[in-house]
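Just so it is clear, A, B, C, D and E label the chains in written order, and each chain counts residues from 1 on its own.
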């Protein structure tokens, strides 16, 4: 039983990381219906900036995170302003491709500036743990969970009660009609990218804190988070978090019990399992657990 | 449940000449009852109109006939064959064609391709023979192309032949959609608001095409339409529905006089 | 409640009787397609102006030009000038135009189907800063459309066509506009609902909002309108008081049928009636 | 006798010709001439690069059928590409790198194994197709990434067939009967492998493009486009969406497998899982998507033009950037960044610039130019 | 009218194509053998061969400059470059031929690497470095037709017997064998529970293979074997299994991206055996970061040569001198040292080729087979060369422990330098 709890907790910890990453995808998709492949790149940039502020400038960690959020949000905004805005009204996949272009740029820019060697993020949590009875939990995992839930709550309040949040939802449904209400799509898109950029920086902290360290490989987490996003419903912040947790736990339990339960399976089934869960869910609910189905009228 | 207040000319069993018999269909979505016990029949060569307020279930009736929805109760027989439970593409093969309220054209394709698609179920070429092209696929293409050109001729669409239909004016698109239905060589044609959004001139054009199609091809049609002039002029019989229930069936004049229809739909005028 | 609104509407001084004017507006789409070829029109304060025309005559383009939505469709105003409340409209973004007091109900209603009725209405008040003002407009809209009171929390996409049209008009009224633009409000609606909508337009106008009504349904539009314009091929080919246009022979022939009584049956229109052009 | 104008079309058969106008025929002849002449003029580097371009073009034509014509975006294309490559080793001959395990290799002639690879790819595609039926747009795109991870798991796990991460060497040769394109001998003059392989690959490109074009202009291709534009309406007029979607999935996967077979045989000759699956596979899939988007979605020629641009660009920029003084060659040099890093940044920038300039792809640009000149001097 | 114009163009195109075809490539046989009589040119190899213009020798480097593997590629290339900086400062190969590196980014993709190979093969004399086992394999196919020598940048035993390759250093198997030997001597491994945690790929199998061989020789049973896959992040399951098997000594074959989360998991789960690892498992972040104290207690690294900064070893002293002169910012890095040694090996082969009077690509391959031994002043072990069948890699390994305070040595301090166990010296390279 303790083993099960250990696996489940490890899975939850990883799940919250996925959730944080997924939230960044969700907000851009919600506003622009584009899956932002550059999210991983923004995340990488965000982490390196945190590293940069804590190590080079020796700024206190929380402040460094905030500064990184601002700069990363700025980069995202700039990209929206300079590139994506001009792509509006073009096929969605041309827009997605443009974000892939940005991913190439960010990835290599980061390596060019900071090198490919892993570095230490400089977070205060390190590998310290607290134990509750038999169970040992890493402090950084608790913080990741807190950050993920915090971002989720902020998103919820934002979409439900703020004017900009309403504008974002309206623009997502019908851009021209939203414009006709005096909602500026530019503002909405910039806001979405800005928020996604800031979220990416936070997510980066979740990924690279502790002993993991800062390296260009943090961007892969963004790709691993894909099943979480889809499973939860691509436009639902709550779905992103729950999807992330489901994927994290599934993965961890599969890895933990594969040898006992399915010894005949080839190793590494835990990489495949998230996609199987995702496909099964999608076959029942084609728009994920919490996603909005398109209203199709004949 | 039969309707006693209005003269009922559509006792399902009555007319031996009926092409389509809709018998007591009921349709629910979740908790919402969209159609309740609707019965009517359409005779061969007849133009049957369905009128009623928005959300009254007119389009849902169409969707039941051509297999988009499956009614939970009742039966629909086309030429005596039960079609409830068939996929829409199977009803298409059975000879049911329809136009759409908001246009169902393939916007990136030209007129010829849209019309050729109408003949999809009449053709056979698959991926393999299509890839090879020379031989059967080409012969079939040419033979069906000839039929399509006849329709293009009939509906005077020749001028726009090779333009993506999405770029053509609305009135023309409506006409192309009618043409695509004709290309299907249907036995029963369902027209969903064929003149909605048209001005008088375009409406007259469409009305003329509907009349011509009827007389030239002897087509049986059901039409949902709000334009009462068109309904009154063209329809042989009219059925009025509201909240998924049939209010009245009869000749246009009879229905127009019906107090329940006036209350629910027509209002004081007309 | 209503008096306060009319009072503010009439406040601006000099050119107060003309709300909207356009002079020789030309619109080009994608650098090649001419949408409008020099359209001029004027809306007097408190009046209802009808714009008639067939599909593709440029009615919707005109509205887009006025409301700043041409960008979305890759269109540009290339010639002419437009003024709203004495201020030029060219190169202004939609938001500032809405804020200035021009709201529109788009063709096909274009409500936000995934949002609730309530949220749809709130989107209409996006440009309004004062909370109290929003409250007031909201009450006014609900009193205008009592049907919506019970449906405030329903998802708008599941409403009937008539109710959706009401949401769309209500949404536009949430910014307390001085000028309301309506694009084909009768499209696809049952005759009974069309009558209701006409009544609402009349009432909104009576409360002090000027209205531009773009319609195919000429009977309805001209019976409401103080003044009408007929658009054909991107040009104004005829204009005059509503009643005058209703009586016009050409209008009758091409938009109304020849009066209800003497109307020919479609069955009798055997030969294609050659389109008569006012312009050559 | 008066000559008939080539613009007068007298029957539908003529109207259906692919190269109906004399301009098009001239273009075709020009291409044919290039086909013959290029290998005689270019050096081996360019020829092998163009062979790579050709291989990607074949795969992209297949993906364009799926994505462009049927509107189904797949990021799993690399998986089927890999299936073909492994088939090339299994059925066309090869050996396991490191010879740790005994793997059975068949030595079938190319005329047998290449179509077989296509069939296996198509069969796997048909298996995956039903999932695609339920999903649309970006959902499908993401789900298809799952294929890359499943592929990774299989290729690394099924060691007795794939030799795991060590990979396989492919011994198969591009030969048809006595003619071996890698060792071409015509009328006594010998050609280099690169020359022969160029001819071989581009013959296949032309063949696959022709087959794809035929499908697109006949009944099944129209059905795909109908489903893409309006799936409900398509079904109501009698198109079977399941058959069309599964069919096109199989077809595009089959073509990808053929491309993969040639890729393994001619481009890399040693195959390991990471090009086809996992994150590396994603890069390969993205390359295919980039090709059809840059070239022009839903055009057959766009896939070829796109491949020419995307595949060549990375090479050309990497050659060109060597000349820039602010770049460093090795890590401890002075300079802004390493050449390779700059090259990929430029690649990312070029994708963005291309799409900003013409989001509908180069073919759309080409069409705009040609219609402009056709309509000249009228501006619209 | 227009159709005539069309036809004219067709005509022109055809005519052009014929003209161009007529001047097609006829001199196909130019790339063949240069003058066979090498000895006639002893010390003065003829120019005009690929990569040698009479004054400068160009050497290829196919390495990832982008993506994750740049972590390895960058220091390797920097090491390559540093050695040739030294050579050039001293006048060059044989005192007169300067060496120039031609590095190309492979993006760690075989396809790109093959293209870069095709683009450079006619302008380089040999490849100093080709990084990536799969990439080296893919290019090897081409090398066989072209007869070009290359230095593979991994320690796979497989490279040893191929005459076109120029391996250096002791294979991973040797590290494992020596590692277990050290454990038996110092950690009482014979009476402890010995386990293995190895990557599920060729590299992992090499490490595991070495361990199994040594364990069999010593009569030790391996109590538990756990594997993991490229880039795994969560090791709860494997660590749980090792922990419940009571492992006290765990042999580890991994890469840094895996070592970090694995060690984090072990430390937080309170699993504290002695880890003994293959050299590529290391990154300096492990010593510098939060894990330092845990690793200082529980981690040993098997590598080769002296501790960084140990100037008593001539090879190390020379490298540090060069760093001071040409690359003062370079910090302690195992890959850098490997790259330096690799270039050192290439320089020896080139000297030999010059002495034999043939700097052609085939000439360099033949020179490599005529060298009897490659020496590195103790930086890495001496390597017996000659014909591929007679090659014998070094058999010694060094054991390093972690010291989080020892920045200058890259956080690694030598415990035992260049020891050769009995088992290692008897181990048969396949």
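Here is the rule we use: a contact is a pair of C-beta atoms (placed from the backbone, for glycine too) under 8 Å apart; a residue touches a chain by one contact, two chains touch by 3 or more.
What you see is a predicted model, and the numbers here were worked out from it, not measured in a lab.
K.L.:
If I average the CA coordinates per chain, which chain comes out farthest from chain C?
P.N.:
The chain lying farthest from chain C is E.
K.L.:
Averaging each chain's C-alpha atoms to get its centre, pick out the one most distant from chain B.
P.N.:
E
K.L.:
Could you please state the distance in Å, as a whole number, between where the Cα atoms of chain D are centred and where those of chain E are centred?
P.N.:
34
K.L.:
When the centre of a chain is set as the mean of its C-alpha atoms, what distance in Å lies between chain A and chain C?
P.N.:
A distance of 44 Å separates the two centres.
K.L.:
Could you please state the distance in Å, as a whole number, between where the Cα atoms of chain B are centred and where those of chain C are centred?
P.N.:
Taking the average C-alpha coordinate of chain B and of chain C, the gap between them is 32 Å.
K.L.:
I need the residues of chain E touching at least two other chains; which ones are they?
P.N.:
Residues 66, 74, 200, 229 of chain E touch two or more partner chains.
K.L.:
Specify, in ascending order, the residues of chain D that touch 2 or more different other chains.
P.N.:
156, 232, 236, 338, 341, 344
K.L.:
Where does chain B touch two or more other chains at once, residue-wise?
P.N.:
Residues 68, 100 of chain B touch two or more partner chains.
K.L.:
Write out the stretch or stretches of chain D touching chain E in their complex.
P.N.:
So the residues of chain D in touch with chain E come to 5-6, 21-23, 25-26, 29-30, 33-34, 36-37, 40-41, 44-45, 48-49, 52, 97-98, 100, 156, 164-167, 169, 189-192, 263, 267-272, 274-275, 278, 280, 283, 314-315, 318-319, 329-333, 338-341, 343-344.
K.L.:
Would you tell me which residues of chain E are touching chain D in their complex?
P.N.:
Answer in residue numbers: 2-3, 6-7, 9-10, 13-14, 16-17, 20-21, 24-25, 28, 61, 64-66, 74-75, 77-78, 80-82, 101-105, 107-112, 114-116, 118-119, 122, 133-134, 137-138, 140-142, 158, 200-202, 205, 229-230, 326-327, 329-330.
K.L.:
Once bound in the complex, which stretches of chain D touch chain B?
P.N.:
Chain D reaches chain B through residues 11-13, 15-16, 211-212, 214-215, 218-223, 225-226, 228-230, 232-240, 247-248, 251, 298.
K.L.:
Mind pulling up the chain D residues that touch chain A in the complex?
P.N.:
On the chain D side, the touching residues are 67, 73, 131, 134-139, 141-143, 145-146, 149-150, 152-154, 156-158, 232, 236, 279, 282, 286, 289-290, 293-294, 297, 336-338, 341-342, 344-345, 347-352, 355-356, 359-360.
K.L.:
Could you list, by residue number, the parts of chain A that touch chain C in their complex?
P.N.:
Touching chain C from chain A are residues 89, 163, 166-167, 169-170, 173-184, 292, 295.
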